[in-house]
Every structure is written in structure tokens, then in C-alpha cells.
Amino acid sequence: MLGASGYAGRELCALILRHPALSLAFATANDQRGTTVRIAGRDVTFASPDDARLGDVELVFSALPHGASKEWVARIQEAGARAVDLSADLRPGNGCEGIAYGLTELNRALIAGATVVANPGCYPTSILVALAPLAERGLIAEGGTIVANSASGVTGAGNSPKRELLFAEVADDFRAYGIGNTHRHLNEMRATLDGWKANADLVFTPHLLPVARGILSTITVPLTRPLDDVLQPWRETYAAEPFIEIAEATPALRDVVHRNVVRISATPLAGTRAPMLLVTSAIDNLVKGAAGQAVQNANLMLGLDETAGLPL
Amino acid sequence: MLGASGYAGRELCALILRHPALSLAFATANDQRGTTVRIAGRDVTFASPDDARLGDVELVFSALPHGASKEWVARIQEAGARAVDLSADLRPGNGCEGIAYGLTELNRALIAGATVVANPGCYPTSILVALAPLAERGLIAEGGTIVANSASGVTGAGNSPKRELLFAEVADDFRAYGIGNTHRHLNEMRATLDGWKANADLVFTPHLLPVARGILSTITVPLTRPLDDVLQPWRETYAAEPFIEIAEATPALRDVVHRNVVRISATPLAGTRAPMLLVTSAIDNLVKGAAGQAVQNANLMLGLDETAGLPL
Amino acid sequence: MLGASGYAGRELCALILRHPALSLAFATANDQRGTTVRIAGRDVTFASPDDARLGDVELVFSALPHGASKEWVARIQEAGARAVDLSADLRPGNGCEGIAYGLTELNRALIAGATVVANPGCYPTSILVALAPLAERGLIAEGGTIVANSASGVTGAGNSPKRELLFAEVADDFRAYGIGNTHRHLNEMRATLDGWKANADLVFTPHLLPVARGILSTITVPLTRPLDDVLQPWRETYAAEPFIEIAEATPALRDVVHRNVVRISATPLAGTRAPMLLVTSAIDNLVKGAAGQAVQNANLMLGLDETAGLPL
Amino acid sequence: MLGASGYAGRELCALILRHPALSLAFATANDQRGTTVRIAGRDVTFASPDDARLGDVELVFSALPHGASKEWVARIQEAGARAVDLSADLRPGNGCEGIAYGLTELNRALIAGATVVANPGCYPTSILVALAPLAERGLIAEGGTIVANSASGVTGAGNSPKRELLFAEVADDFRAYGIGNTHRHLNEMRATLDGWKANADLVFTPHLLPVARGILSTITVPLTRPLDDVLQPWRETYAAEPFIEIAEATPALRDVVHRNVVRISATPLAGTRAPMLLVTSAIDNLVKGAAGQAVQNANLMLGLDETAGLPL
């Protein structure tokens, strides 16, 4: 894999090392090349990206930074390998349409046959998987506004040393960022909602939590009509899904950390003129929000059992 | 004061003890009566409520639990004292209209002349102070939906020993609660918005943060028209207010903890059909959200300098 | 198992449910009887202890409170089952000598043949496993003083709702407790050191950390002579042990949480007259310090692979 | 002041800005020069050290990094100003003997008349203030070993962006560092103990806590004889000290954070051959452990009330 030294990169290394059918051919990390770290009980020495033997492997995971990934995916393809790219570069709404978007449960056929898969962002995974059952039933009110507030653990911001991510800066604090609908993940979500013909506005505000892992998204959705059985759309759409959990109680981070699941609940909102739903959705940003879904997609692409090597 | 053993009660004791013009006549705590605790460098022995000499004091603060406060406020009035009640019992929308509602900056005249003031809830303080400048200018779109997501530190849930508030239960976690517009504070906010003729729906979802103190509210507001200068409504309304801070940058908990302020920012939301604003508002739930505002109200009622004894 | 509702009890339930060769016949919890909780992806309904069919099982784990366990172990024996008792009741130094003490790596033969095993305390596990290689080589200076400072995550204090364990009380804090050599685990450690003929004093001071899990013990040991190869005693004694890790670098909690290991390092202390060693030792208090070691002991007693069902 | 951008530097800026008799002439921070930050409700723009007008002020605080401070103190003296240096450069045991060591309560006369004061390290403040009453009474056993284990909040490690200080690295963790008696503060403590004729070995092991602020030191001391009244040495030595608190109960971080105090308790250790004492001592590493004590020393040097501007 390429770009193995970040939090998502290491999580992915660990999943590959523990995977029954995958083996780790190389793990690159340009600024830490030559460094040996302990991952999943094994010593992993980071290689220079230039030493990555792209042609010797069936599939390359890239967790390179946004902007740097695109050209590497081209090289991977030239070398004849398939690619799962964890960056934003190739996701819908980012100027590279036509690449399979790796929301596994929703794009399975496309992913299985793809040579390149754009692995979704962590926030979009938590929000789009939660919205899809409403969208596919035409339940989202035309012209309404979906308001998604998400809060993420700090690993979502990466492990480059930045002052604002120091323990003493983050502890005991909570703040919004990317305010005013400016976060990078917004394009990806809007393009996907458009693809689903969900003709609603989306307001998205991420927040930084003083925890290491996990995302909780709290989403209000204007409906076309009240629902009799509020959880039924999710129960139907995701009936056979091993990695989607529909819960009566609103999910918490502790329900999902270290697991490759999206846990979703929904409840009607009392006292509003038009019918509205409160949908809550929790994931581990490093697992279902990044490395876990990447492995899930790779399993599909390689014809393996989709659940192979993934923590339930 | 009555009900001094909770987090808000102790914070209030500390403020009274440090106040230049107030002195603490008694501090009751029924289940901890006889216990001596150290507050603000002084020994405070909790008395039985039955031993509270209500008639000997000018003003009684009550931080008794919701439900229990109402009858005590009646006794305080019978004894000839004035009261600041921190419970929800007498707040607007809770069946006891006509009591002065202690959002100090917005109800100053009423509070100054009142014998009983219903001190606002912590969430309503953060949300209503943020919304008032929009409401009073008629800027909130008729029939639109205000979506307020708040996240609070754990002291907001009190200090009664409950399993779900243990450190090992709360740490590393984040969850919504009071979902579906069911939180006790909703009535108080709706009644106040109605009073302001803000004819919009309100969706309110509180969350529990793994921090001790602080509330951040992230609020989307549908507007009647775009604003040229987005902060101008707050700058105008709160021009001379010592306890309201208008900030360019979105506020964080660390900007406000241990201080009697509401810190507010606002930014337009890009990419929505109708104009919408993102308003963020931060307070310390125990200070401006409870004990601090109670002292601010008492200062007004007693003809003292409104800022006396309050931490800026 | 008996006493399944505490933190160690639930951890043990989870290990049993995931164990390849064990199955959970019953899980009692007197004050939560009838309650169903989700453990390891399964619904577990707590039974009344009176409904526990002690005679129908091969082995009973008891995680009952100290004091209550002793009589239940007698009942288990009468019913013809074997027992692993996680309380302090039957451990050495507590008035019930002759019971096999379940420091697995050090008492393997005794444990394998025992009908009752007293599972060690969490602190003693971290300290005694670290000291044994020095004691068995006669390296601890006669008449010297071993100083053991330990810091534990909050789950070590159990999950009964107590005010001092609330999030807002523990967060951002650190304190010693059981000071002056008064902690319950001291007897168990002294009796064991005596059994090893380690004729040294022991000073033990536990501390409460604002984390959920993990114990780090920092131990100074007066030596009879300087060591050429400081880690050699541990490397030799624990050469073939799957659950003991000897590390060059001083261990941290994150090296051991959720794993059934003791991780140990040692370094000479510069600038002291007589030779002294600093030994650091880390465990997960709920795994190797409680439930994990209990399963390890049960595996031995039942003739199973000692590592079966244990997280490395 | 020089070196104002670190955690101690900013704390010191804040104390100066709030001080009734001091004013802040300049605040330098070489790598952040030109940056304006908000400190104590005021805008502070960091200057280049080259622009510091050392000759225009009475006293300069230097919080420059270790190694860089020494030459600046020389420049300050040449410019005719007095200096309080917060680095280790001029402290006892570091090659620059003869400089007044700023343990205020213990060296008052020397400090009052000094032109340069070496402000003590945070760990030494917590440990030496705790040991002095025993040392001055000759109560520390000749040739014995004092074992000091300290745990510090992360601000003690500074605010330079380092990967190992990121939130996701520090949270939920606890580890020792500077093991084997190698920490920089050891020289300073040994030299001071030698100066006190306390002829005992010292073992010092610092630890990193997942909290922002505070140091707790847990110290075992071999005594020449048992004490009848265990707290009496401290009560006598520090009888009139406003910034030293002697407590029956072992102190916790929350007792001292944001305050310029050392809080000390002591208890005899049961079950040891020779008499030993457990002494616990807590400070705020940024206040009494750095900026607060620096102001306390400056107050003395400038003939001001020693408590001026200091948070009790």
C-alpha cells in the first residue's frame, strides 16, 4: 500500500496483515521511509514510494494525501494493478466523474467490476449510508433542507504534527470547523444525492471531538410524508447487510469503534409543521470510514468473501 | 441558597462567597445535610432545607430539582424574600406564565422589578441569546425550520451517582439524547420564540460530550433575506453588553469555560436555495448557563452593578 | 458465571462467549437480574444467583464482590464444580492459605490440578509478574525496600454508581489512594514475596488515572548486585511465555489494553550508592488483570490450550 | 518577557497583564513574531527577540528554551535589568552555581536581593518544597533512598508540534519517561538536597498524564525516626506561607490547577522495618511550577507584595 504512516494507513496495514487472503507486499511512507513500526504484532518497515513494485501486486491501496493520490492511481493502472484510493481526488463531485464510488453496500456491482475504486470520505459514509433508504424511496422532501451535524474524533485530522491537534489544545474542547458548507466532503455528498435524484439542499457542519476515534452524524431530514414504521426503510434496504446495524436506540461512538459498521437509528421529530425525521448514524472513522471499507471494497474487487478480514 | 450540593449549586455558592456585595446566609442540601465541603477556599456546611431562614434574607437562590422548586419559591415569597429559581418549573412554556424569564440581556427591565425570576436553562441560554438579534429584526423566515444541535459537558447532567455518568461510561464516547424534540428545554425555547413572533419550527437535539463543562450550539437558521454584514445584528443588539462576545471565528468551549459569557459567531451557508445562516454559540453551562446568570439576575434585582462578582 | 454485571464480569462474559471451547451456562447479577444486555454481539440476560445451576457445569467463574465470594466458592465445590474466584477472599495473605494462586505463568502445575483457583488482583499481577524473575534469582537485596507506584484506569474501581467515579470528578484529575500501605492487594503481594523468600519491604501506592483501562506499575528494586544484561532475568524466566512481553522501551498503557499480556521493561538507576533497578510493567486491568487471566487459568484447569480464547 | 509563545510563556503573559503593579513591555517569540494572540482578554503581538528593549525595563522574564536562555540573561544584565529565568540553564547542578535559586518559600532573602533568579523546574518545585521540612530537621535517613514518582500533564512538554504529543497519541495512555534517573531536573534536585545536607539517594521517575495541567509527586522517604504528628514538620516550616497548603487528605490535581500553591500531605507507611513516610505533593506545573513562582520571585525582587497578581 501507498501512504501507510497516517492513522488510516496504519489501520489499513493492520487489516491487511490480519487478512486471511491478503498479504502486504510493501508499505510506503515517504517522510518516514526506513522507519520500522510495530503493526498488528508485526514489524513493518516503511519503504520509499519509488521502491513500490506496483507491477508485482494485484491491488494497491493508496492512502496518500489529497492531491497526491491521482497521479499514483494512474501509475498503478499503467502497472496493471487495480487500485482502492482513500483520498478525495477521484470521488464524485471532485472533477473525476466515472470512477466507481466505494460506498460498498450501495454500489456493489460497480465496485466488483472496477479497476479503480474511490473510497468514500468518513463523513459521507456516515451520512450517505444513513440517507440512501430515504432517497431511494423518494421520501426526502423536494426542495427541503437536510441538516447534517457531524462530530469526529481527532484521528480524522491525521497524524501530522500540528499545534492545534496537540493534546493540550484538543482536550476539554469542542468546536465546529469547515463552517458555512465549505468542507471538502460536501461535493462528494451533493454529487451522490444528485445521482439519487434527492433534490434537497444539504447543510453540513463537522465538529472536532476530544476523543481519538468515531464519528456521530445527527441529521434532520424533511420528509414527503410521515412514516408509520420509522425504521422500516433501513430494515428493508439493509436487510441482509452484515456491516449495517439498525438500532432502536440512538447510536453512540462506543457502539461502533474498532468495528466495520454503520449503526443507524431514526425517530420522528415532534412539533414540526411538515414531517421531519431525526436520523443518527455512527461509524469508526478509521474503519468503516476509511480502512475497513477499503478492504471491503478490495474483497469485492478480488472476488473474495466481502467480510473477509473485517472486524464485526 | 437552596439545593447547594449539585454542580450548579456549588458553582453558585462559590460565586456568592466571592461576591463583593452578597453573603451566604445558608446553603441547604437535604441528602448531604451536615456535610462540610470546601468551596472557594471556605468551609460550607450543608443545612437541612427545614433550617433555612427564608425570612432573614433579601433573596434566595433555589437550585432544587425540577418539580421540587415550585413550592419552595412560594414559601420564599411568603417569607418576604425574592427568589431566583434555577429549575425549569417557572420558566415559560412550563405552565407558570407571567414569571420574569431571566435571559438577562433580553429582559432587563422585567427582571430588575421582579420578585421571582425563572433562571433560563443552559441550552436555551446558548440558543436564545444567539437567535434574538435575528428574531427582533424579523430575519427568521416565516414557516422555516431552525435546527439547533447542542453538545454539553457532563456537569449538565448533575452529580447524582448514576451508572451512565461514570467516567468509564462517558469517556471516549459521544451520543445524542432527548431525541425527537423531547428535551425539557424545548418548551421554554418555543414559548420564547413565540413571544418574539418568530414563526418558525425549532428542532433541538442535545448531545453528551466527554468533557466536564461547556455547551456549544450549532444552529442553522432560514433567513428572509441574505445579510450584507453577517455579524451586524449581534454587534448592534449586544453593542454594550459586557457578557456577550461576537467573534469572527467560530467559538470553542475553551473560549468560554469558567466565564459568564455567551460567545457567538455566524456565517452564511453556501449552496442553499434560500438564504441560510450558520450560527454557533458557546457558554459555560454552569456559569452563564446557570449560576453566573443567576447572580447576574440577582445583581439586577438588588440594584447592584450587574457585573458584580462575575468572572469575565 | 456469578457476578457478571461489573466491568470485569462483562469482560469475562465476552471472553467466554467468544471462546472456542467454553459456553456460557448462566450469568448472574443479583441487582440487575432480568436485565438483558448486549455482550460480544449476543444478548445476555442476567439471572438471579439463586437460579445458577452450579451442578450442571464443569467450572464456575465468580466475580462476586470481596467478602461475598467465599461462601459461593464453597457451594460451587459442594455442587461438584471447579471454581475460578476473582475476588480477594481466597488469595494468599487473606486468611485462606492453601488455595492455588492463579498467577498463571508462575504457578502452572498447581493451577492445572486445582479445584479452586484464586485469581490474582490486578495490581499484584502487574507487580508480582515483574518481580518474580528477580526474586527467583535472589537478586532482590535482603532487607531493602521495593517501592511500587501503580496507576490504574477507572474500571478498576468497578461500575457501581458512586459520586467520586462520575466523569466530571475523574476527568483532568490524578490522585493517590490507599495510601500508607493500606490497599487490600498488599497482603497478597507480601505473602507471595514471602513465599519466594524475597526478604524485602514493600511499599505500594495505587493512583487513579483519568482513563478507562490499564495499569502501569513503576517499581524500584534494590539489587544484591548490578546486572550486566538488565533484561536477561525476564528473557530467561519468560522465554516461552505467549502472554509476557519483555521490551527495551518502557511500556505504555496503549501497548497492552484489550490484550491478555504483561509487558515489562527494566533499566538500571543511575547515581545510587547501592545497585537499583527501575522496573515498569503494564497490563490491562480487566484482561490480564482479571478476566483474561481467569480464562487462562480455566484453560489450564480444563486441560485446554492455555491460549484458547484469549486476545494477544 | 522573552519566549512568550509556549504554554508557560503565555501563562506568564497572562499573569503580568493581570498584575496590579507590573506591565508587559514586550513579549518575544522568534518563530511566531508578528503573530497576535489573545491573552487574558488582551491582544498580544509577539515581537522578535532582537526588538526587545532590554534596557527600558526593570525586570525581564525569560522563558526561552533550555540552552538559549543563558546568553540572553547575560544580555539582560548588561542592559541593566534584572532577570527571572525559567530555563534550566542557571539552576543549581547545571554548571552555573551561585545564581539565586527561586524556590521562593525557601530562599526568600537570597531572591529579594538577587539580580538574576533561576526559577525552579516544575518537578523540583513539587518535590523539594515537600522534602525541605524533613531535610531541615535532619529527619531523612542518612544513606537511604528517596523515591519520587511524578506524573505531569502534557503542557509540561511544551507546545511545539510533535507527533507524540498529539491528542490521539496521549489520550487514554500513561507512560514513564526519563527513566533510570536521566531527567534534566535531577541535577537540580540533587544539588539542592546536597545543599541541605540531606545525604540520601534520590530516584526520580516522571510520567506523562493524559491531562493538560498539574503535577502529582508521590514520594517515599526513609526517616531517622517515626513522627508523632506526621504533618507537624510542614505545619511549622510553612506556618505563615500563603502559597503552601498542608492537607490531611492526599492532594489531587483538581485541588491545585490554576492556583499558585503547593499542596502537601504525608502519612506513615505501615509494615516497613525502618520508619518511612509517604509524602504527596501537587502543583499546577504552569503556575507554581513555572509562571506563578516566577511572578512570586519577581514580586520579591521588586519589593512588591509577594502575593500580588497571583491566583490563590
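A, B, C and D label the chains in the order they appear, each numbered from 1.
Convention: a residue touches a chain if its C-beta (ideal position, glycine included) is under 8 Å from a C-beta of that chain, and two chains touch if they have at least 3 such contacts.
Please read all numbers here as calculations on a predicted model, not as lab measurements.
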Task: Neighbouring chains shared between chain A and chain B, ordered by label - done: C, D
- [ ] Give a one-word verdict, same or different, on whether chain C and chain D use largely identical residue numbers at their interface, taking over half shared as same.
- [x] same
TODO: Would you mind pulling out the distance in Å between where the CA atoms of chain A average out and where those of chain D do?
DONE: 46
Open item on the list: Could you work out how far the Cα centre of chain C sits from that of chain D, in whole Å?
Closed with: 37
TODO: With chain centres taken as the means of their Cα atoms, state the distance from chain B to chain D in Å.
DONE: 38
Open item on the list: Could you pull out the residues of chain D that touch at least 2 other chains?
Closed with: 171-172, 210-213
Task: Partner chain A, residues of chain B touching it in the complex - done: 143, 145, 147, 149, 151, 172-177, 179-182, 186, 190, 201-203, 205, 207, 209-214, 216, 218, 220, 222, 250-254, 257, 267-273, 276, 278, 280
Open item on the list: Which stretch or stretches of chain B touch chain C in the complex?
Closed with: 7, 153-155, 159-163, 165-172, 210-213
Task: In the complex with chain B, residue positions of chain D that touch it - done: 41, 171-172, 312
